[in-house]
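Submitted below is the structure of interest, expressed as structure tokens.
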Amino acid sequence: MLFLQQLINGLTSGSLYALIAVGYTVVYGIVQLINFAHGEVFMIGAFGSLAVWTIFFQGQTSILILIPMLLGAVAASVGVAVLMERFAYRPLRHAPRLAPLITAIGVSVSLQEIVRLFYPGAKSPLPYPQIDYVSGTALQLGDITLRRSAIFTVGALVVSAVFLWWFINRTKLGRGMQAVSQDPDTARLMGINVDRVIVVAFALGALLAGIAGVAQGLQTNSISQIMGFTAGLKAFTAAVLGGIGNVAGAVVGGLVLGVAESLATQFIPGAFGGTPWKDVWAFVLLIVVLVFRPQGLLGARVVDRA
Amino acid sequence: MSTVSTPTQIAPTPGYHPSRIDGLREQHGRLAWLLVLTGLVVLAAGCFLSWSYDPEILGNLSISFNPGSLQLFMLTAAVLALVYALAYRGPLRGLGVWIDSAKALMVLGIGALGFMAITLAVVAVTSSGLINIDPGGWVSLVGSLVLAVGGSLLERRPTKDTLHAQLPAWVEIGTIVVLMAMLLFGAAYALGQTDGNIFGLFLVFVVAVAWSLFAAGFFTWLGIVAQRHRRVLMLGAFAVAFLFPFTQNGSDANMSIATQVLIFAATALGLNIVVGLAGLLDLGYIAFLGAGAYTAATLSTSAFATIGWKPPFLVVVLLGAIVAATLGLIIGTPTLRVSGDYLAIVTLAFGEIFRLSMSNLDGNNGPDLTHGPNGIPAIPDLQIGSFNFGDEHTILGFSLGRFANYYFVLLVLALVIITVFSRLNNSRIGRGWVAIREDEKAAEAMGVNVFGLKLFAFASGAFLAGMAGTVKAHQDVSVTPDQYVFLESAFLLAAVVLGGMGTVAGVFIGATILKLLPEKLRFISDYRLLIFGVLLVLMMRVRPEGIIASQRRQLEFHEEDEALAERIEEVHLEEEAQT
Amino acid sequence: MTVTHSAPAAPPADGGAVILQASGVIMRFGGLTAVNSVDLTVREGEIVGLIGPNGAGKTTFFNCLTGLYKPTEGQVIFNGAVLPPKPRAVVLAGMARTFQNIRLFNNMTALENVMVGRYCRTSSMALTSIFRGPKFRREEAATRARAQELLDYVGLGRSSELLARNLPYGDQRRLEIARALATDPKVLLLDEPTAGMNPQETRQASDLIFKIRDSGIAVVVIEHDMRFIFNLCDRVLCLVRGETLVEGSPTQVQSDPRVIEAYIGTGDDDEDEGAST
Amino acid sequence: MQQRSIVRIGVPLAVAALALSACGSRATTSTGSSSGSASKTVKIGVIAPLSGSLSALGLGIQHSVELAVKQANATNAIPGWKIEVVFKDDEAKADVGKNAATQLAGDDSVVGVVGDLNSSVSQQTQPIFNSAKITQISPANTNPSLTIGADAANPKRQYAAYFRTCTTDAVQGPFAAQYLIAKGIKKVATVHDKQTYGQGLVEAFTKEFTKDGGTITDAETITTADNGGNNDFSTVITKIKPGAPQAIYYGGQFPEAGPLSLQVKNAALTIPLMGGDGIYDPKFIQLAGGKDEGDLATSVGAPADASDAGKKFLADYKAAAYPDESGAYGGYAYDAANAIINALKTSLASASDPKSARQATIDAVSKVSFDGVTGKVAFDQYGDATSKVITVYKVEGGKWVADKTDTFK
């Protein structure tokens, strides 16, 4: 029973990781860039939705509000991601690989600080609104506690995954993305607007990160400007776990990581178990995967850019 | 900004279309020089008059014919402008052949204008009203404006390359010595300022002067001279560093910052081996400093120390370094299979694992080694013979406080690290690193032991950082896990990147900027991290190789810049001819 | 295409000792077999040519020999001992190479490039480098002198302080050879040493290769320039689609109709093997 | 909050506009320099995080000290001397704090310092102030070892110049245990955030609680957001639930406690959450999303609005219109400043300059005794506050309401 309960907990946090991980994977698949600041895009999404609620719906809890909140989240994160691509990364597309990575760190720190300094009250964590049906007292199925926010999160992942599959395989832009990820130069010669495809990749990742921001807010009832850093790192772990560049891999990797973490918290006995070591095990998993199976669980395009 | 900083834009290049300013320059060429002279005279004259009605602001600027420090800055600027002007046309023509005095005048004029504008703004704001600005201030402002306009309108002339300038050796060495002395007194003066505004304005002045010298081509020449007299330069720099505590009148306020700069720089120099020389990225480097610090703490005589063995300090230094180097080897092992961005993430994860482990090993979660989040406090001061580093000592009439004592230890440590760094760089191993950076596959195919050299880079860098850590533990009195967070690693990397990859001087400049400026410019404190982030982004766009870059690194970041490559080659040939 | 092996390579007339012997080398990438069971024997003081249309697997075969790839099957025996597929071990054993698309250390000077080649023949390690004892000085001086000597040897003596990236194309090729020679090889593998050269430079290149051969180093050359190769080589091996089509003396290979057919009939099934180097 | 940032940008802009419109008046030079020379100046330092994520607490400390000094100057508390406040930012970082401390120590007119906020910073500033013989009174350090050393069984004073007005973890935790036992709660699950404060609190609580016959059903830890936690506590709650505890004792701060309380209740575990003064903050109630009725917190001293001194402090603070709230540690900082000022009355009486009065001030501080905002202010032989008055607060109707005030025995 405990196992089942922790499995559900793990799948929930895993869904969140997966939603963010897609952003890493899509961008990496196309420009071979680890967008270190993607965790911040997720954070901005959460603040975007909170801003919508604070400005327009303060004090309300109707489920209908969720739609404008989601829109606000997505608008904020996509906006930030596109600006970031345009002004920070695009000028460095042919620079040595160190440059974009350091830029990413700079962008990440800047975004955190901008939110902390200029979002009203963000110097300490902000409470996130309670929305009917998707937060509040959990559903009780026998001994299993099912959080409402968990249902929302998993649902959001399912919908997003279906949308993503449709977008990449069925739309012209999506096929363009595939072409660019195979061979950017040829794709350019074939008349594909590579710049646009890259922007779309950033936007697509940001879209899912924005939704994840809302899910995070509903799950934990509080958001802060630092929530993006570890979430981003974990999501990157998930992306690598599944095979970076592989969208399905990001989803699988996220779920595996989430489940592994919650099971480790419950079942690793003794002094090296429990929450204090949970993150250590997650990072150990990351290193082991990178060293011994860099292509990830599901395999990826060959990504050796040595 | 870039138009000022790119030296190659002086001479009209093929396909260069004259713009409106060039037309103006042609028309008013003669007038411009007179304008410059007028401007600098007016600027200087204003400095002898009162700038501010209120004597409390920015030191005392309210007394006529008795210039305050800010006014002396502008007088200095005026004298420098006079030199440029006379080099442009007049008795110093001989000098004018070598330096681009027109551009230097423009830059200096704009800098002086900025300086005056900020000064007057500060006066007006702090005393609430423009009325509190005395006529002298306005006179100097107008003077600097005229100087800037005149400088901009001067016709640009092509100059000879300073590479071929031949001066007696004593002049060159003398220049180095004078610069070093200026560095010492400038630093002592700047650090003595408690008023953030004066400190900031001093920086504006220094930047304006330095930039104009840069525009004049002075630094290119200086770089060549420094190459020629490397030993003199090293000695001079060390002398300045050594004498610095004696300028502090026994106050520890700046020495505490200085020790932090040194520890930070020493660690960053270790990181520079990994990043700058071997071309690997490490985002968890602070862990090595932590490993050294924790080793020293657990082996110290603190009541909180968890290991019973208390070896002498030199043994501790060695042990701390070895523990860190061992960690470095472990962290380096994945380089066998992982490279680039993946390696960065692996190192980041290692850094986090280190920090989490240190805060977990408290007896509840694993063995009690580090006291977890409480850390190990109450680490006693170092004691060598009867010399206790915690006490104030008087040497030659100068009293030196606790931090000054540690400063000297760290200085020796820094010297060791610099030696190791530069000797490794100029050896078979250093060549191997460059080869790996340039083309790993080709290096491997030429028989370079790629994996071994990468491991060695990690281990040696970690070794040096571990040494610094052992001193840090005693100087800090306590060691806690929250000093070794990711952001600190990012700061270390930033010091290397800002200062210049692969160079010693660059790292020291980077470390000084990152540690000193936030301390002195307290009014930016809440915006410190934001500025840091933005600075990283801008730096990567504008000058990714850092302020003082190694030439090779510079080339790597500007693969397409042929002119730069040729220029560097010329320097190479010149050096070859010298030896 | 059916592949008929011509008669096993007959010992050449001069009959030097076998220095390099690769047997049954197979290299598969997923489902693609890039090199299929290729044998190669090189004797001391011999120049062997490796020809074949684009995508025939010549460079892949080189990579197998030099340990950049680990062959799926087969082994390489060098000087009587089996070579492990590790580049460093290969170089230490005495086999050095150049690359099809020049891979110099661009931002190092010519001299430094060659000094890197001396890396595996020198030994000063960390502590020696830091304390700079007499051994270190001696070795540095020797390295420098040897590198300069090699630059003189390939005719770049006056360009030693120029950055590799600023050298003319032909000089870059020669610098690559000098760098390879710095590892004191017994066998030198040259991957298209004259690609992109004009006739005069090509002639100089073949003179250089002869000179190297005469100093006792065996040379294996990949080349597309038939005139160059038939003029230069003692023996030629023609690869097609990863398999040995013909092996024999230049005249034998030149006159073999299958070779001509292979070159003319390849059409558009070329693969870019440059991408895999 | 929003208003504040507007003010922050707005004020300089307005000033600049004023200046540029040239309608300013001539500064009167006479006020600044000359009038001060009649009396001598002594300085009290404040060292606290004035920027960064803990700045809200640090600014509260700063303003509370400013208030105490302003009042002392107004009543001419030390005849012939004028008190000034110098404040330094430690950013809650040990390195920065150390620089700030050396700067204060280098200023000859500084005699006493109020700070730091964080125990980890104080660990590094203690020796600096101690060797400069500057009195340091922390309003917020709760780590017991700062005063009594590593071995709690054999307490030994660490630094003669260090005092604190707040109580340590060793008092709050046991008090909470006694309170719960008295309420008939015998089964409790503990959670802490693996930080100095939280872990110490839980350890002290557990010791007393089991001694008094209670059972700890489960001991868990969570990760703070600062250390990379994501505030999703479902795994921990799942582990706690089977033990069926009657309450949860939490060691840590409000940013995690609020969400934890809400998530516990959302998981159909309707039991109260209790914590130390780290969760006694209005933000806790916000973050707990309205399901926190009955949650408990201990805090040191009698409620500020229960005593006259406390009411007066809050009223004065409000009247002074500081831009930031006094925060959780304002009262302690106010008391700390007053302890220094009281000591200065004796130590400066015969002193010619501030520096020579430093040792005398340390001696005098160890003897002070007065009724402060947080109760009786006096220090024991280790430098700890003697006052052991603790109040338990309860969330009622969306507000913290004092439930029980008592002296810890």
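The chains carry the letters A, B, C and D, assigned in the order they are written, with residues numbered from 1 in each.
Everything that follows uses one rule, which is that a residue touches a chain if its C-beta (ideal position, glycine included) is under 8 Å from a C-beta of that chain, and two chains touch if they have at least 3 such contacts.
The shown structure was predicted, so the numbers you read here are calculated from the model rather than taken from an experiment.
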| item | value |
| --- | --- |
| Far-end chain from chain C, centres as C-alpha averages | D |
| Intercentroid distance (Cα basis), chain C paired with chain A, Å | 48 |
| Distance between chain centroids, defined by C-alpha means - chain A, chain D (Å) | 37 |
| Separation of chain B from chain D, taking each centre as the mean of its C-alpha atoms, in whole Å | 38 |
| Where chain A touches two or more other chains at once, by residue number | 117, 229, 233, 274, 276, 279 |
| For chain B, residues that touch 2 or more chains besides their own | 352, 356, 359-360, 364-365, 441, 526, 556 |
| Overlap residues in chain D, where contacts from two or more other chains coincide | 55, 194, 221, 228 |
| Pairs of chains satisfying the touch condition | A-B, A-D, B-C, B-D |
| Residues of chain C defined as touching chain B within the complex | 66, 68, 87-88, 91-92, 96-97, 99, 103-109, 112, 115-122, 124-126, 129-130, 132, 136, 139-140, 143, 161-163, 165-166, 179-180, 183, 277 |
| Residues of chain B that touch chain C when the two form their complex | 419-420, 423-424, 427-432, 434-435, 438-439, 441-450, 456, 460, 552, 555-556, 565-566, 568-569, 572-573, 576 |
| Residues of chain A touching chain D in the complex | 2, 5-6, 9-10, 12-13, 116-118, 120-121, 123-125, 127, 130, 135-138, 140, 145, 147, 150, 216, 219-222, 224, 226-227, 229-231, 233, 261-262, 265-266, 274-276, 278-279 |
| Chain B-facing residues of chain D, complex | 12, 15-16, 18-27, 29, 32-33, 50-52, 55, 89, 91, 93-96, 98-99, 102-103, 105-106, 119-120, 123-124, 126-128, 131, 143, 145-146, 149-151, 158, 194-196, 199-200, 221, 227-228 |
| Residues of chain D that touch chain A when the two form their complex | 1-2, 5, 53, 55-56, 194, 220-223, 225-226, 228-236, 238-239, 241-242, 255, 258-259, 262-263, 265-268, 283, 286-290 |
